[in-house]
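Inspection log for the structure reproduced underneath, given as structure tokens.
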């Protein structure tokens, strides 16, 4: 095990104000189960889980309430005991509507006393899932555990972890990269996890190494987190095999999968639809790794996560360990409420997070932060014309031409945007960040990507329909 | 009946929710600040006529911008200082003694025809100040090529049409026709050409803002330091002029760089964001093209100075350069 | 003079012969029906048929890859003419027009945030679900108006409205609306429910003063369930356009005031 | 020198203002502008060769100089039509690239202008054909540059009354202004 400095700097990137000092020294605090939980069926990337409970059901902590619905999907478990108050479409942080189970966690005593709960397999006392010994368990058992524990990437995108950990046939994982960069401003959740849960991360790495067939391990941490680097060095001091801690230069978006792969092992992931595994890499967030070790060794599924609540409008910024589904309002209340009335609420960090309209939203497995910003930290986008200054080009870590894309999209010219490789855009926001004309460049990219995706889906559907028609025709001809 | 709206309203916008501290008006202001040294040098050498020309151009540009926006029914954009900058740049590219009504016509052309007709800042294909200068050069050739001598109030014949450029042109001509000995040629011509030092500080006849190479370089250094411009265009532009004149003969290379509009063109005109390529590679091509065309026109063309035309032509080619120098995305084949 | 005339005539003759020969021996022919079809089609190139334009649709028709009747703009007349050229029978289509199923203007429906970004419905909807309190209602950023080839849609008071007289039923607005609240309805129908929110009454009331609460009064007043003028999705009444109601009285009796009886849609309330 | 002169200094469209119709008509996209330029180079070179022969062997010997405009129009128009048909048959890929532009330049004034200038100057065959080629190249050069600007303008937001051709004409004027810088670069004999 050794610590090295990253030698490979990607092109572009920006230096936003990190504002991490607000919450970086706040130890993780556990939030008592709030009275109401809003557990979304769509906490991950891919198809939403299929809801297994109905209104009035009583559920136990850890009970399966949402079933995996497709290959790219993740199951959902109840994060506390309680009674299902309602199942309705709720607004998610990203603006989409998804089915959510509303749990009343105060109702449990009377429900039990009255014995009105529907017959559900009662959860065993103690661990929710039987603990596994990772040394003796097979690879398949471990993978299955990751899947049934409902683990998805906790860095933000929420890609199903079991899918990531099973490389397609013919592809081998050569490098397992631990993402501890946490380049998003304000957020310190991963940092605290690295400090406080280092042994868990070490165990998770050993489990993942076993699943992936002993790849080399790279732990990527930005240079502005020396304590985290030290904690990792201590935890991994006596580990065998090819393990390195790579200290990355402080640059946004260092936490982006593709850029981290470049910075640690100098491999370049080709344009979409290529994935990191195509260049022999698997990147996992440090929080996810800790969750894997919990799921295997303790039999504890992914039911809670650390969320940073920060911003200049919150009374005491904190890193909170809260059950998934905790409402934002409960998190803010736990931090002592609002110091000044916020002008903007952001779910996630300031560079890639989502502005939300209400605090009546439940956290998910991917909620890494909740920021309350005062009016002084909120700026207005404008529709000023692009002056062609080229700052967005220089900032773009994907080496695109955001100016061209935004100008084309302003004139509703999706074709030009597509020709300018807009689908490669990772929506990191570096372009809008530095735009002197305050243009909504990232939003234009999102819009272009959404309309291209919609068009592709329509084309696929049309092709499918045509193929079916042909088939029918052929069958009809045969019958005749 | 509308339900009661109890909740507080938050700003809803797409990420990012953070912004670097930069704005269009600040960029424009930076360029104006960078132009101040050469403006003062111009006023120092050419006196009150320079002051009047600058004031009239700036005032006309701002007024025209405001009126155009009003006529178009759009928001007023004089707050972004781009009109002030255009006015200042145009004035610095005019001879000090030019009749003020001509300066007004030029300013109206710059803002009205060459900028606002296209929809305002960011949309114009040609640099407004330069196209106005070209327009004036063609329309009012006489006044546009009649210069005041520096400190004209102290010299008996205040007006001249002979700038170092015109003199250098005759060198080219002389070299083309007669194979005179360089030595003799130099002797005869040097009488009309000021020393390099005078050229550097700007003690020569010429447009208000183009004479003082040192002041212009100072402004360029400020722009580079503030990261308003990148080195690509000025360096390739000046280097091309220098190298070309090394090989083409005629006037000494240093003199070619220091005289005429090359310095102000390379640092302030060719680097205009809107009308120059956006990619680094494109900027190199652009700078090279500007330098080459400038020298071609200087050596062979009908006008003594080719800088403005060279930049204008490269402005026209700029969309094509942009098109063919698109960056290759990270991970693209 | 004579020589000149002879000369020009001679050149003309030579050229004419050459061209005639070329046309006869070298020309590549294409199906004449394409030209005929193009002249029959409206020529608006609206793209409502799913093809790049009228010409592309004509080519697809001749190639047999497109169904007749896809051109909503041309209507029955056009379909009949196409059928005549192609030599197949026409299927009758009823003229349909777009209807925006929302009447939550700024004065009736609450907004829950200050949207700051691109003025476009799909993009606004991607930002925290849009700034309208009702997550099913019209955002009023005019994506439909922007795609309408006929300028039949206008946005006023945060709400899109279709002018029935201008609408050609191409369906582009239906596709572009992120809230999926525009529907093509028979032009002959006069009574409509202008709401798209299937939530329970109290939840609807929280965000909109004119949202449908699913009280079924319209159904009762139009002859009950058996009459079949309405269907219900959650707590949202929907007009059954294959059997639309005609009695204007039910509009006045709607307690939510989300129904209209309007020949042109353009006046709303 | 002839090449530079014809391409830059006496550019057909920017200095002589010939061929403004395709200059405005097919300059919306750079691809089509490239196609059009190819077609113009092709037609202009061939047309000048044919008209030179016509002028020298038929019209001038018979003292019919005064009808050459008429004769040229006739010949060029039918020639282009003929090329169009022949190309469609024998060179379909080239026709796919240039085909739609060919009918547009049947009686294009730039083509006719080149032929006229040639016969007025009484140049030799090779020189005439080369001049036409160079002039066409200049036309194409201007067209491609202009199309680049117009593509950029497609994303611009000019006032309503200037949209479309109006703004294109303003741009053309400014472009022509820029090209004036080349005047005197080459002392053209014509």
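Which chain is which? They are A, B, C and D, in the order written, and residues in each are numbered from 1.
Definition applied: a contact is a pair of C-beta atoms (placed from the backbone, for glycine too) under 8 Å apart; a residue touches a chain by one contact, two chains touch by 3 or more.
This one's a predicted model, so the numbers in the text were calculated from it and none came from an experiment.
A.B. asks: Select, from A-B and A-D, the pair of chains that is joined by more C-beta pairs in contact.
C.D. replies: A-B
A.B. asks: Report, in whole Å, the distance between the mean C-alpha point of chain A and the mean C-alpha point of chain B.
C.D. replies: Using C-alpha averages as centres, the distance is 50 Å.
A.B. asks: Take the average of all CA coordinates in chain A, do the same for chain D, and state the distance between these two points in whole angstrom.
C.D. replies: Measuring from centre to centre gives 59 Å for this pair.
A.B. asks: Measure off the straight-line distance from the CA centroid of chain B to the CA centroid of chain C, and report it in whole Å.
C.D. replies: 52
A.B. asks: If you average the CA atoms of chain C and of chain D, how many Å lie between those two points?
C.D. replies: Distance between chain centres: 44 Å.
A.B. asks: If you look at chain C, which of its residues touch at least two other chains?
C.D. replies: 112-113, 116-118, 123, 126-128, 130-131
A.B. asks: Where in chain B do residues touch two or more of the other chains?
C.D. replies: 7, 10-14, 119-120, 122-123
A.B. asks: Could you check chain D for residues that touch two or more other chains and list them?
C.D. replies: 157
A.B. asks: Connecting every touching chain pair, does the picture come out as line, ring, star, complete or other?
C.D. replies: Complete.
A.B. asks: For the complex, give me every residue of chain C touching chain B.
C.D. replies: 107-118, 123, 126-128, 130-131, 133, 205-209
A.B. asks: Could you pull out which chain B residues touch chain A in their complex?
C.D. replies: 7-8, 10-20, 22-24, 26-27, 80, 119-123, 230, 273-276, 278-279, 322, 326-333
A.B. asks: Contact residues on chain C for chain D in the complex?
C.D. replies: Chain C residues touching chain D: 3-4, 7-8, 11-12, 15-16, 18-19, 22-23, 26-28.
A.B. asks: Per the contact definition, I'd like the list of chain A residues that touch chain D in the complex.
C.D. replies: My answer: residues 385, 407-408, 410-411, 413.
A.B. asks: In the complex formed with chain B, which residues of chain A make contact?
C.D. replies: 10-11, 14, 16-17, 185, 258, 262, 268-271, 274, 341-346, 348, 350-358, 371, 373, 378-381, 384-391, 393, 397-401, 403-404, 420-421, 424, 427, 429-430, 432-438, 440, 442-443, 446
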